[in-house]
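Next come two complexes, and both contain chain A; in the first it sits with chain B, in the second with chain C.
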Partner chain A sequence: MIKPEDDIHNALAAADVEEPSQAVAPANSVWKPLSWAKSNLFDSVPNALLTLLALLLLWETVPPLLSWGLFNATWSVADGTAAACRDGTGACWALMGEKNRLMLFGVYPYDQHWRPLLATAIVIAMLATSALRRFWLPALGYAWLGAVVVVAWLMWGGFLGLTYVETAQWGGLPLTLGLALLGIVLAFPLSIVLALGRRSNLPAIKAICTGYIELVRGVPLVSVLFMASVMFPLFLPEGVTIDKLLRALAGMTLFTAAYLAEAVRGGLQAIPRGQEEAADALGLSYWRKMRLIVLPQALRLVIPPIVNQFISCFKDTSLVTIVGLYDLLAATKAALADPEWRPFFVEGYVAAALVYWCFCFFMSRYSQWLERELATGTRR
Partner chain B sequence: MLSGRQVKQPATLRALVYSARFRGIVYQVAVVVGVLALGWYLVHNTLANLAARGIATGFGFMGQEAGFDIGEGLIAYSAADTYLRALVVGVLNTLKVAVLGIALASLLGLVVGIARLSRNWLVARLATFYVETVRNVPLLLQLFVWYGIVTALPGPRQALDLGLGVFISNRGLKVPVPEWHDSYWPVLVLLAAAFIGLFVLRRWAINRLYRTGRPFPWLSVGLAGLVVLPWLGLVLVGAPLVWSIPELKGFNFQGGADLSPEFAALLAGLTVYTASFIAEIVRSGILAVPHGQTEAALSLGLSRAKTLRLVVLPQALRVIVPPLTSQYLNLLKNSSLAVAIGYPDLVSVANTAINQTGQAVEGVALTMAVFLVISLALSLLMNWYNAKVALVSR
Partner chain C sequence: MKAFKACAIAAALAVTSMPAWAGPTVDAVKAKGFVQCGVNLGLYGFSAPDDKGNWSGLDVDACRAVAAALFGDASKVKYTPLSAQQRLPALQSGEIDLLARNTTWTLSRDTANGLNFTVTNYYDGQGFMVPTKLGVKAAKDLNGATVCVLPGTTTEQNLADWFRANKMTYKPVVIEKNEELASAFIAGRCDVYTSDASQLAAIRANEMPNPADYVILPELISKEPLAVAVRHGDDQWLDVVRWSLYAMIAAEEKGVTMANVDQMAASSPDPEIKRLLGVTAGNGKALGLDEAWAKTIIKQVGNYGESFDRNVGQGSKLKIARGQNALYTQGGLMYAPPFK
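Up next is the complex of A and B:
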């Protein structure tokens, strides 16, 4: 690529004009921050006022926050009570030391905490691996299959030397991650069917799928979860009971599928009509046409929206708190129910928020990166 | 005419089976029958289960006495009222927080969205920090924090005095309100007249601009009218403006209007959370307007403010309105998280009703139906607005 400066040099050379001397070189480097500040912060009166206002805001908030969160904070307590925290003026991070197990793993049997920890580590490692395009191989599918079996064994136990732990005792981060992952994975096939149905030529099928999608998108997740937790037991024949966790998962799945279906529909709409017509001309049946021609192209387009949907699914799992499951948020809330540590609820929520934030922030950055990465094939 | 004869071949079974039309009908019948069978199965099981547990069905319970109290509401309600009235109180509470939340979130979102594009580096960074922090933390967690902060405030006796008779304590926010007086009617009429006048003036000014090319500052004149006319009315009727100011009497405040802690926490949470999404929508909308438009407007001699108002914003609105609609709908649906912090919205009232009567099916169905109706009404309104701002093409 030719830089504009090169152009000038070439033009100057061609015109046989002497280049301007270096006397008017850029200002001294000491002045750079100042000139930068002048052009970016103080270039006009209103802008300068805005800068001063922002500085005032920072001055009012940052030093107190720092002294609360860092300088005056209590980092650990020796006796396991909050006495030292009550005496101090800063944040009580000692809460983390005392309650981190409860916050991360809920009411899972205390001596077995290594199991959910290992399971979470496996899932996060698998997620990190799957994030890289280099590993998008058939072997990854088998690796996931193996990981799911190992994680299920770790969480449930019951054989090969591990004691059985029922789902009612699961909680914390593993539950949040599991609900979000399973919710999106189970919702995916359903969402493809719904999206295809909504674009179908057959009026009855189109009406059913459109009705489902719009109905679910029109109601809050809370009421879907309530429906799942109160009404699902009524739906089943007498004598059949359904696990509380499974009910919440079913509610999440049905809810996510409707939103995911709209993302998939967006991908389907982006495929030129000629592709379908060409498949028809080749004599492919509807399902082969979709499986071999349309969906592979459409689904590639919707990977970034799917990641975004996963982020909101991850945040939405916090709502299972309301129907009485011990996800990360509910476990944090339970840890803060201890009257001893109750006054330090802000610290507890800040820690939980940090966990959610890390996951969501990196996933959203990943989705942006992926969007650019996947566009390389079509970008000139 | 060989081909013609082929077309007129009698419809054999084989031809029928392979015709796309016939197959389509078969598939549809199969799916409809399947859905109906599933529905019948679920209803059958539900009825059997309800009968086994001795739970009544139908909406008969709506006329019965509710027997529970509701903390706050826009209409009078007592525990002796019916379930129907309790649910109406819940719906109104949902609408109250949704309408206020939408207004405040739009305002905050607009400001932050523009701040993210500011040429001022510091302001842009602060806005980015706000958006990235708030967007990536679940709303429910934020609500817990807001609620915790509001309830951890000092009691009414040590309430924070914000001046002008505004107090914050763990009983919520207390603000002074003007006391109603019958002689205020003319003032209200004048206020309404000023509003109508504003719209008439706008229409006339735009008409004149198109006819003669001469602009008229309708907005400033109209806003001045909005302030001056009611004030004039106040002076004319000679009504002394009496404020009901919150005063500490005993253990709590008397007088003034108040926002309950639950409402304040929910409103703050919904506003701050939704505004971070609206800010991104506003930003992308403004960025979607090609920079050439701004340059062209400036070169025509329009001021910066006029460029923004007349050239950039109308075009940005086309990009902004559709996603904004879904954010408004999200705010409405998220208001149902009220149930977690005890604000008596529709979901939490319906929940209490379900717990008391056991009629879960009716309660959940009713909640969903009400949300669907409100969502539909809101999206119709936004679609109408969208059609107004959309690009008029051939």
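Up next is the complex of A and C:
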């Protein structure tokens, strides 16, 4: 409702009001919001009606929501049963106290929960570090290598004093994070290869890449996962099994790569032909031309669609529940299977949604920062 | 969901066109040292991870019984949680050895899907729950009622069939999620809630502000025998699974419990108990198991009645009455052939 012109208008109006009333300074602070409201919210009859309607809506929704979620909520229970929640009228956040371990870590062995917790903390810390430009040094690559080894050791165990935990028992937030992160990291280079391949002059490569992208984009992710997890083992010889998590990860990676490839191709097409011709004139080889001239410009252009795909990939991990993996959402559902706590399913889903939102919001804000950071001097 | 169904059908076709998988499952399971058991992702009372991630439930007990018979240790089970679409191909592909995932025994699953059902470990059936204040005494009184039902399930189909067969009309209130469906019923958006009787009992006991305000009607409109399944083509494995489950039922019939099994084995004069517990040798050899196999099952998992009480009966949060799942001697359907 508030347009930039309104702000200017408002500022002018406020200035008009201010001048004659300098002598009575305190009155300003009272009248300023009123005049702002008058010029912005009630400047015409339809606008006034809309404002009143919005206020009514807020009045109808916000107080009940606050009283449900905050004032009347049950925050903890002493006896481990839901009786206190049943008597209360508000939200039952005590559910989190009772079920957080199952929701966060799925069926990972209970006494070993510190391992996925630590692994998740390491990954998040590494992500936060890598996000800052001042840490973009070669050492960061080695740090990641070390982090991956440590995280794998924590999750799998099996040596140096940790008991072995097979991937079938992994679950919750570490699984969601791991699937999303590995899916993105593996899909990204693949997508660049696919995008370059689709623009290649070599007919065979072009046909394979185009065929792959169109085939994978033509089916929903659930069917890719379903094929990877249910149909694929039927064709393997007896006795040969491939880890379920690995199959789901492969499915997600191949799927995400096809979508990302199209975003990357969009960036490649936006680079003027002259850039490539200039690189050719310098005598650069194909790969050096791409690496030094075309891709840095192209990828910077398509940060928004790429991050869009990352966010979508992160949320798509919740689909792995159909192949029997406990991601964050499936673990939440498993926690809500307990009939004692099932009436409070809304609270469980709200909590899971918050976790998803935190990660997705971070990705989105970071991409905006990255766009500004990388676009210095090259704004079009 | 369409893609889902297409894939499921494709999977089913692929399965049927493959030769029945034959092989010595017992040896393979013994060699790897555990039973790979397909279970539900989370159905309280049947198979669900508890707050500490440990599995429990009636179906889980079936897996544990087989492990106890094979290894003398009920904990030698690895669980593979499966979605409804996944469960049949998972068994067919050899990913799991045993399917104990509240699966209804039907003709098509028994034949075209390449499964062999062993023993029904829970007799379920679709029922109706209504508020007591409506004064409905029988399902026939439900003409014109508003019915809360989960879409896209056999439940919805059974409901339509039953009302049509009885020349009655109803108005469906279709909601995708179980929890929301229960909330809608409590809020009075429909007169009747229909689901499997076990689910109705669970909802009545746990989600109703006052359970006495609701009554589950006595009629069941469908047969849902939930049974444990194995692959076609391995009869020895089929026998081991089948008799492991029968042993639990026979033990209840003979009054052998977790607590008294040792004493029964030592001193019972009953020849049937002696054969069941391996005091009189023969059964173990016939199955290719240790003679104490059934004794181990009862000692570690309990008899069927104990398992029922602990997981879905009075000892659990579900408080489901035995009903059809009582022994045949008590008006139920649970019946084990003789251990001879």
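By our rule, the second predicted complex is superposed on the first by the 327 of 380 C-alpha atoms of A that agree within 3 Å, B and C clash if a C-alpha of one lies under 4 Å from a C-alpha of the other, contacts with A are read in each partner's own complex, and residues count from 1 in each chain.
The definition used in the following text is that contacts are C-beta pairs under 8 Å (C-beta built on N, C-alpha and C of every residue); 3 or more make two chains touch, one makes a residue touch a chain.
The structure displayed is predicted, hence computed values, not measured ones.
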item	value
Joint occupancy of chain A by chain B and chain C, clash or fit	clash
Touched partner set for A:Arg86, first chain B, second chain C, both or neither	second
Touched partner set for A:Pro296, first chain B, second chain C, both or neither	neither
Chain B versus chain C as contact partner of A:Gly141, first or second or both or neither	neither
Contacts of A:Gly158 with chain B and chain C, given as first, second, both or neither	neither
Touching partner for A:Ser364 - first (chain B), second (chain C), both, neither	first
Contacts of A:Asn201 with chain B and chain C, given as first, second, both or neither	first
Touching partner for A:Pro189 - first (chain B), second (chain C), both, neither	neither
Touching partner for A:Met231 - first (chain B), second (chain C), both, neither	both
Contacts of A:Ser223 with chain B and chain C, given as first, second, both or neither	both
Steric overlap of chain B with chain C in the superposed model, located at which of 9-17, 99-107, 117-125 or 153-161	153-161
Doubly contacted chain A residues - partners chain C and chain B	219-220, 222-223, 226-227, 230-231, 233-234, 236, 238, 321-322, 333, 343, 345
Residues on chain B engaged by chain A in the complex (per definition of touch)	24, 27-29, 31-32, 35, 42, 45-46, 48-50, 52, 118-123, 126, 132-133, 135-142, 144-145, 148-149, 152, 329, 333-337, 339-340, 347, 351, 354, 360-361, 364, 367-368, 371-372, 375-376
In the complex, chain C residues that touch chain A	3-4, 6-7, 10-11, 14-15, 18, 21, 23, 41-45, 48-55, 78-83, 85-86, 89-90, 92-95, 177, 179-180, 182-183, 202-203, 205-207, 209, 317-318
Residues of chain A defined as touching chain B within the complex	40-41, 43, 47, 50-51, 54-55, 57-58, 201-205, 208, 215, 218-223, 226-227, 230-231, 233-238, 311, 315-316, 318-319, 321-322, 329, 333, 343, 345-346, 349, 352-353, 356-357, 360-361, 364
Residues of chain A defined as touching chain C within the complex	86, 98-99, 101-102, 105-110, 168-169, 219-220, 222-223, 226-227, 229-231, 233-234, 236, 238-239, 241, 244, 321-324, 326, 330, 333-340, 342-343, 345
